[in-house]
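Here the structure comes first, spelled out in structure tokens, and everything after it is commentary.
Read from first to last, the chains carry the letters A, B and C; within each, the first residue is number 1.
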């Protein structure tokens, strides 16, 4: 039996990240490691600093303190101090971000094919036929009818827009995906389809993912580990099932006991 | 030799007609110095849009205020100016600007491409090859090629700074997926010196290849947008394209009806209410010179159903 | 001989902060040793903490104090206080767990659910699908159900999916929480066979079996868990 996996070093090392908005705290002293193939859920109520944290570690917001070490293909870099060109190169080749609102993550007046192809072309692909083929391939993977390749996302349903965002991000074969409430705003049957898709893509492509959500049921199904945030701080963290089944902190207990069971 | 140039007969002709009360070439010397510094910077960074303190000109925006300011800051008493608008020397814009410089600078003007030292242009590059002793000044309405795809100015600046031009190719991709080819026919984006993506101003893409390694200095002025950029002599200018959809210029199945030219950019002229058409050179100077040399077109027979074809369709012309 | 699992001085209390800071003690100085190839049944009255113990051993519940040493990857790892990454690694390769509940993403086909542990270990789609198919057939899940989501299945069918998922990969240690509850006699028999085969291949088992007959057939010894103190072992 081969127990040794390829994951000897963490993909992401978040070192004591804090972000202040003036005197208010966005998030404070957050630390974690993310290993290849792992899905980390960040949960908490609105205003708990989840999105601030996500933006800090995904390079979209500069943290006030701390470091984010990312083991890129070209070696470990600190995302907080890396030169802009290097950071952006890593962000558009090895990372991806799926936003809660598809309008933030898609070009709404560019066709589905163009949306998927953008990162390929940004990375130097200059062959229309190949861009087109890859776009078709990814539409199929995210279960969007290939006939919609030339339609703009404005004509898509909410679930399709989210799946298009995923395709747009995954087309360059990234290793790390950030998701901000990817399933909120979708009705439950569409949510399930998206979760299923994400789960299989995570396994198939050995993706790592950091996912912000307030939906504990979603994290149970997708996340290996959880960080529970309150008032900008991590009040509890650990394996998803351990945090949900044996919550230690009063706030986590409150959160878990507040879930509605259908 | 200078005597043969047109000294603006409509204003009384010659340098003596320079208007009183204005500085040479309208702009004050400090402003011209500022613009020349901007031009130097633009030349140093080919294709990069340099901001400058664009002045109010006695012409409305859209009439070439950017180009006029560049010309004003460069023109000297020994210069000979040619101004074209859509290739023609005799349209309102061209006539007005020539008149402007002859009245404010007493400039010598010409319609002959070969004789000009400064050529200010709107929407065309002359058919005649430009030389290293000439400067061509383009009037630019919108200098930012990424504007229509990425509306955030800050993000656009970042894209230029980091050479992230994927989005430009998204535009071309969209064209091909919608029209089966890159449909952009004018203001076709180019990559200058392998570094900056640049708008060549609304010239037809037919003229794009002329920009590549052109011996003349190319300057671009956008008055309303307050930007100047440049392509120094002999600089590589590549029209963006895909490997499987290479850049191509438009070709016509016919020749100029006046001079019979088979390799110039043609304008379609509607002849009557029945829709009969004629195709003639857009570059009037080029056409006139050919006619003067004895070339003839078949102007008796207007082309009925003319179609512009893309590709290398051969023409048999005079 | 080295133990597969070695529980020493285990303490576990539940604190219910939202219910008046109630403290519920479950284990005090509990100890247990599991030798290779051994099959141990946990016995005791309902609510005494049998399932809790399995969950502690799986890292699903957090240990209060004490040690849970697991033989893993050629060494010995203390589950209590291990980082999540290590626990996931242990779950992937060393400890399997068949719970009474099936938690799956809606819409994922049953066969995919069963294949997942193999896929997680890096086995190919074909190999995993083949193994899953064999197990499902053996457990009498009709072919037409394989491509459907188990969320719509009956309790017994869900339980068998759970068992197939638990036994598709071989683990040195298996934790079984009433694997045969809600199964008919034929299927119960099959499950007992599957467990016996696993034991035959060297898997050590800690299980909860309510049915005395099944317990006698599968377990080599019983550990009686008593309310709070005085945990004793009996044959």
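Criterion: a contact is a pair of C-beta atoms (placed from the backbone, for glycine too) under 8 Å apart; a residue touches a chain by one contact, two chains touch by 3 or more.
Given the structure is predicted, the values throughout are model-derived calculations rather than measurements.
Number of steps on the shortest path from chain B to chain C, with steps defined by chain touch: 2. With centres computed from Cα atoms alone, the innermost chain of the structure is A. When each chain is reduced to the average of its Cα atoms, B sits farthest from chain A.
Chain B and chain C, compared by their mean Cα positions, are separated by 78 Å.
Centres computed as Cα averages put chain A at a distance of 48 Å from chain B. Taking the mean of the C-alpha atoms as each chain's centre, chain A and chain C sit 31 Å apart.
By the touch criterion stated above, chain B contacts chain A in their complex at residues 149, 158, 161-162, 164-167, 169-170, 173-174, 176-178, 241-245.
The part of chain C that touches chain A in the complex is made up of residues 14-18, 55, 59-62, 73-74, 84-85, 87-89, 93, 103-108, 112, 116, 119-120, 122.
On the chain A side of its complex with chain C, the touching residues are 1, 3-5, 10, 33, 35, 38, 192-193, 195-196, 199-200, 203, 220-222, 224-225, 238-239, 241-242, 245-246, 248-250, 253-254, 257. Residues 84-85, 88, 92, 107, 110-111, 113-114, 117-123, 126-129, 131-132, 149-150 of chain A touch chain B in their complex.
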